[in-house]
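The structures considered in this document are given below.
Two complexes follow with chain A in common, the first pairing it with chain B and the second with chain C.
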Partner chain A sequence: MEFLRPATWDEALAAKAEHPTALPISGGTDVMVEMNFDVHRPSALLDLNRITELTEWSITDGVVRLGAAVPYSRIIDELSEPLPGLARAAHTVGSPQIRNRGGVGGNLGGASPAGDAHPALLAAGRDVYVEACSVRGTRLIPIDEFYVGVKRNSLEKDELIRSVFIPVADGPQQFSKIGTRNAMVIAVCAFGFALHPKNHTVGTGIGSAAPTPRRAVEAEQYLQGVLEERGLWESGDLLGTEVIQKFGELVKAAASPIDDVRGTADYRRHSLAVMARRTLTWTWNDYSKQIRSAA
Partner chain B sequence: MSARTIQGQKNLQDITTGSPHGIGGSPLRPDGTLKVKGEFAYSSDMWHEDMLWGMALRSPHPRANILSVDISEALKTPGVYAVLTHEDIPGSKYYGLEIQDQPALAIDKVRYHGEAIALVAADHPETARRAVKKIKVEYEVLTPITTEEQALNPEVHGYVHEPHEYKSHGSGNICHSQKLVYGKGVTDEVKALADVVVKGEYEVGMQDQAFLGPESGLAVPAEDGGIDLYVATQWLHVDRQQMAPVLGLPEEKVRLTLAGVGGAFGGREDLSMQIHASLLAQRTGKPVKIVYARDESFFGHVHRHPAKMSYEHGATRDGKLVYSDVRLVLDGGAYASASPAVVGNAASLGNGPYNIPNVRMEAIALYTNNPSCGAMRGFGAVQACFGYETQMDRLAAELGMDPVELRQLNAMSEGDYLPTGQQIDSPAPVAELLRRVKDMPLPPPLDLTNLDIRELPGALSNTSHGEGIVRGIGYSVGIKNVGFSEGFDDYSTARVRLEVIGGEPVAMVHTAMAEVGQGGVTVHAQIARTELGVEQVTIHPANTEVGSAGSTSASRQTYMTGGAVKLAAEAVKYALIEKGRKRYGWAQNDLNLVGGKVVSESAGVLVPMVDLLGDEAIDLTREHHHRPTEAFDKETGQGFGHVQYTFCANRAVVDVDVELGLVKVVELTAAQDVGKALNPLSVVGQIQGGCTQALGLAVMEEIIVKDGKVRNASFTDYLIPTILDVPPIPVDVLELPDPNAPYGLRGVGEAPTVSATPSIVAAIRQATGIALNRIPVRPEHLTGTL
Partner chain C sequence: MRVTFTANGKPVEADDVWEGESLLYVLRERVGLPGSKNACEQGECGSCTVYLDGTPVCSCLVAAGQVQDREVRTVEGLTDGEELGLVQQAFVDAGAVQCGFCTPGLLVQTDALLDRSPQPSDTDIREALSGNLCRCTGYEKIMDAVRLASARKCQKVGTSE
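Presenting the complex of A and B:
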């Protein structure tokens, strides 16, 4: 097995173009486990750890550009304000060791339906983009188009992820995850939810309950409709149990889970509805408080 | 985590010496700091010049005939030194702990998913892995026998072991069975005495030992044609006993030395890589190391028997038990392993620490094509405890009684009889232990105004901010035997040497005891200090140069090998005093070794040990045998079967998110009688560890097997408790000495693993009102989404 260690981003892109089957390795928390379990033996490893800009983030015009290799622990420490949903998701990833190594680029690269960053990214708004680069140039892939199948993403063979663009939160965001123990657990299912008061939209993301991470589109539309019709964005008034209940049911309906060793399809649907109701309640309460304190 | 030691009323005179590092003190373990810092050398860290790597090809099918095995491509791989199948085995092809029914390499058929078929030795693990992939096996895949119904109908579903190849005493697909009848058994007449009857069917999933250090060892071919094996195991001598016939060697040419063990819990009682590495070393003439990968480890050791249990209890209106009628079906999987002894324990202990005048019981272990099951902490007593303790709660509910009072009303105590007819002849403070856990202060209720979500079910997964949380409390008590039973003489040997080194008296303790994390090496040094009045004690590496120490299992090592160290140290002490009598003509009968000196109680210090010893070393070996036991009668289960009993009671407090079915154990209290705490810190650690493993079985640990195939052979999906799952475990230690045991001690390690699980399930039941007849409890059970 070849071990490629480019020192710069351009060298990395050139190496990937020259060795399209080379497997990028960033934190290695997926790659090394898979090699250990003999899932695959790539012809070459492309080590991205020398490329420092991948571990940097910046904010320009209300958008966070998050380097692919910024580890979860730094997302928690440094980006909890602008990216509360993603930071909450990061908090649930693995253990301190894993959070020190792993990052969003690796989560996207693996594109596992159980990856915890995905529901948070999906919920964070329509303007989330994966910056995919190759020697041919740069594409901004909308997050909705990124996940194409079980553990498959829309990267081309010669492309690497440089960063992710995520709008700075303009409202409360939440993330909830079910696991059968209280830490260090791969999601049985997960749910990300965000309120976007600026453009009167809401965002959802479902994890581990379909072949790919996905949004609950009808649930979003229903809720947006209610919020608009009743002028709730302006008033911050109570949603009422009926709305919360209906939202939960629509989230549940958006999932297409399977039975596996981690849980049954029925449990996943059931718990998604519960998480949807709870996260909606928490975010809305926070939002109401903001409205009232502003008034 | 808090702990306090409470002296029992009947304590022996204080046997603790002046040395804080003698018995009764809590010196730290010599391996502790190294392990925490990652500096301890485990068996998987060994390296030898010129060494090869061994690897096994394992069956992807639980049941298949092997039509052919083609090793030619594998052999041609550059770097490969040997490829072996059963045809290359020089000696006997079968081995086993109790019944030699397991082929060292599969012969013409495979009986479980993961069974080893062929071996490769290569100069690099990656080369070995590739060569294994090149071995071509043609299988005729058969429908596996996986359920009780299938196993008990061999005419329809066939045999795991064909009748002509039967090596166990069972027949059909029954590996072992034990019946028991006590009092009048269960007759119409007996049943008529009961005012209330509670019946239940219970199920226990397959738990794994989940030790972190994978099976590993290094086999080095010796010049005399023998093998030196460095290995992580639980019993060096029984490994040797099983290995030698397969290798075609006399036992003295198979020499074992213990390598660093990364946990065991019963999972290293059977052989794993021992024979395989040795066969490869014999063939290649080179040292061969084998280290299992994590997934291979799940196939490479036996698990706890899954169980299906039916219990019926009858009681009078005022709560006195009248009878019990019990059937326990344990799935032993493909090979016998320790199944017969597990069945013996299940049958003899499966009615719990209760006085029940009339009992009918049957326990069986099946042969199936599921993974083999054998020894695991609690050994046959764990499954049953979930059954009888659930029954006690249901009976209490039926009678409108307090569940603790019902238990106390029926609790056995010293002088009472087990359903085997064996009288309990040392303290059995069952009611007292229950009282103690009940009287402990309860943790404060959840404070919803000041939440730390790490304290809630789901913790940082952020599933609840207080919604859906209901608290429950549950109690349980359990019984476990200590030492090997049913007539087995599992003696231990110890060698103790006393000499002057660097101007100081130094003792060396040499045993074959496997230190698997239980702290035996700490305790042995403490015993030597106490008996010999020295501070400096070295522990010789455990190997087969000294006699057997028996197994590090059955909560027996402090009792058995500790007892042997005591005997050997006493012998050394007497020899030294005798030497002094000869030299100085001492006449006193009150001589002892204290603080490096020979001391007379009446005359004071007589002479420093250093002067008396001079250049001479006193080096003596002693065996320690426990009192004899006897086999259980096959039909009635009667017999003086067990050496000693140990009891633990628990109280569990849980918070359940009843909407999501997630559980957080808030506190798990334990009270246990340990006879004498030789090392109180270790004792508390054992009890807390045992409780933790029991917590795992209650709410998460299960090997999921579907159609004979293991579905979660990894720590990604076989979940064990993390620090956020383990609550504070306050421990109340009772010390009521057992007059039959060295220092009055009682084995500690297993009782909490037996007793704690049902208390947690009872607490969840109280919070949810759901019956919960299966463990581990999954969120699906609590949300009706199974």
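Presenting the complex of A and C:
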């Protein structure tokens, strides 16, 4: 095995092109578990810790460019306002020590259906892109096209994730996760939800309840229709239990969960409907308050 | 491969390091710092917690090669000269140590907590220690130890001003 330690981003891309089977290692919170238990022995480890731009974020024209290796603890401390959904999801990851090392680049690299960043990224809007780079150039992969199978993403062998582009929140966002306890728990299932008042859309993201993280497309369309028809974006009036109930049912229908050690498919469907209703209620209440205080 | 880094303020060098080896293994088996404990090797227990460039991390999940030229501080580095450090002494005095396996990680994590917030609430303490498992104490004595360390730290700051 080799240990590759590029000092710059260009060196990292060159190293990945030269060693396409090298396994990138950032926070190591997924990779090192595999090393310690000898699950997988790659030809080389490609250490990304030296590349400072991966640990930086910036905001330009209402879009956050989040470096792949900004750890969860810094997302919580520094980005709770522009990225409330992702910051909430980050807060549920592992433990303080894990959050000090792990980041969104590693979550995307692993593409586990249980990764907590995914539902928040899916819900954050249509304009979320993964910046994938190689010596051949840069691609912006729409988040919807990023997840292609269980623990499989659409990166090419020579590509590395440089950053994720995420629009600054223009409305309330929530994240909810079911697990056996509060800390250190892989999601039984999770749900991200966001209101996007600017373009009158809503965003959803389902975690741990399908082979890949996915949106609840019909639920989004149904809710957008209701909000538009009834002029609710303008009035901020109550949604009513029927709408909330129907939204929950449509989210549930969008999942295709399995039975496993963490929970049954039935339980996952049931809890998704509950989380969908709750996150919708929480965000809508916040939105109504904003409308009323602006009036 | 060879890895050189700073451990508790001193330069150290480890040879014949396997590329997939963890920092925890290097500390315990190659550079004579067995204070950090290996109890799970998967980030679940926190017994291996060390400072890496000032941030507490699980050393079992850091690849040895990643610490080249960086600074590591372990439980051995929490002493006050030849004496136990403030947090270490508080754990002894509060009776928060039974088998002691979890202790090194708890000490580092507590040290980091009190550095950031010298007077944490019980909720802050529980949150900060949520990644450190203890099979013996039932955590109450650990809570006592952190509160004691906090009180002593605040007193010390009070008298030195």
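Please note the rule applied: the second predicted complex is superposed on the first by the 295 of 295 C-alpha atoms of A that agree within 3 Å, B and C clash if a C-alpha of one lies under 4 Å from a C-alpha of the other, contacts with A are read in each partner's own complex, and residues count from 1 in each chain.
Just so it is clear, a contact is a pair of C-beta atoms (placed from the backbone, for glycine too) under 8 Å apart; a residue touches a chain by one contact, two chains touch by 3 or more.
Note that the coordinates shown come from a computational prediction; the quantities given were computed from them, not determined experimentally.
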| item | value |
| --- | --- |
| First, second, both or neither for A:Val274, with chain B first and chain C second | first |
| First, second, both or neither for A:Arg5, with chain B first and chain C second | second |
| Which of chain B and chain C A:Arg88 touches, first, second, both or neither | first |
| First, second, both or neither for A:Val261, with chain B first and chain C second | first |
| First (chain B), second (chain C), both or neither touched by A:Phe175 | first |
| Touching partner for A:Ile98 - first (chain B), second (chain C), both, neither | second |
| Partner chain in contact with A:Phe37 - chain B first, chain C second, else both or neither | both |
| First, second, both or neither for A:Ile186, with chain B first and chain C second | first |
| Touched partner set for A:Asn49, first chain B, second chain C, both or neither | second |
| Contact residues common to both interfaces of chain A (with chain B and with chain C) | 33, 36-37, 95, 182-184 |
| List of chain A residues in touch with chain C within their complex | 1-3, 5, 25, 27-29, 31-33, 35-37, 41, 44-45, 47, 49, 94-98, 100-101, 182-184 |
| Chain A-touching residues of chain C, taken from the complex the two chains share | 1, 18-22, 41-44, 46, 49, 55-58, 60-63, 65-66, 68, 109, 127-128, 130-132 |
| Parts of chain B lying in touch with chain A, wherever the complex brings them together | 129, 293-295, 454, 457-465, 467-468, 659-662, 664, 699-700, 704, 711-712, 714, 716-717, 719, 721-725, 778-780, 783, 785-786 |
| Chain B contact footprint on chain A (complex, rising order) | 33, 36-38, 88, 91-92, 95, 174-186, 188, 261-264, 266-267, 269-271, 274-275, 278, 282 |
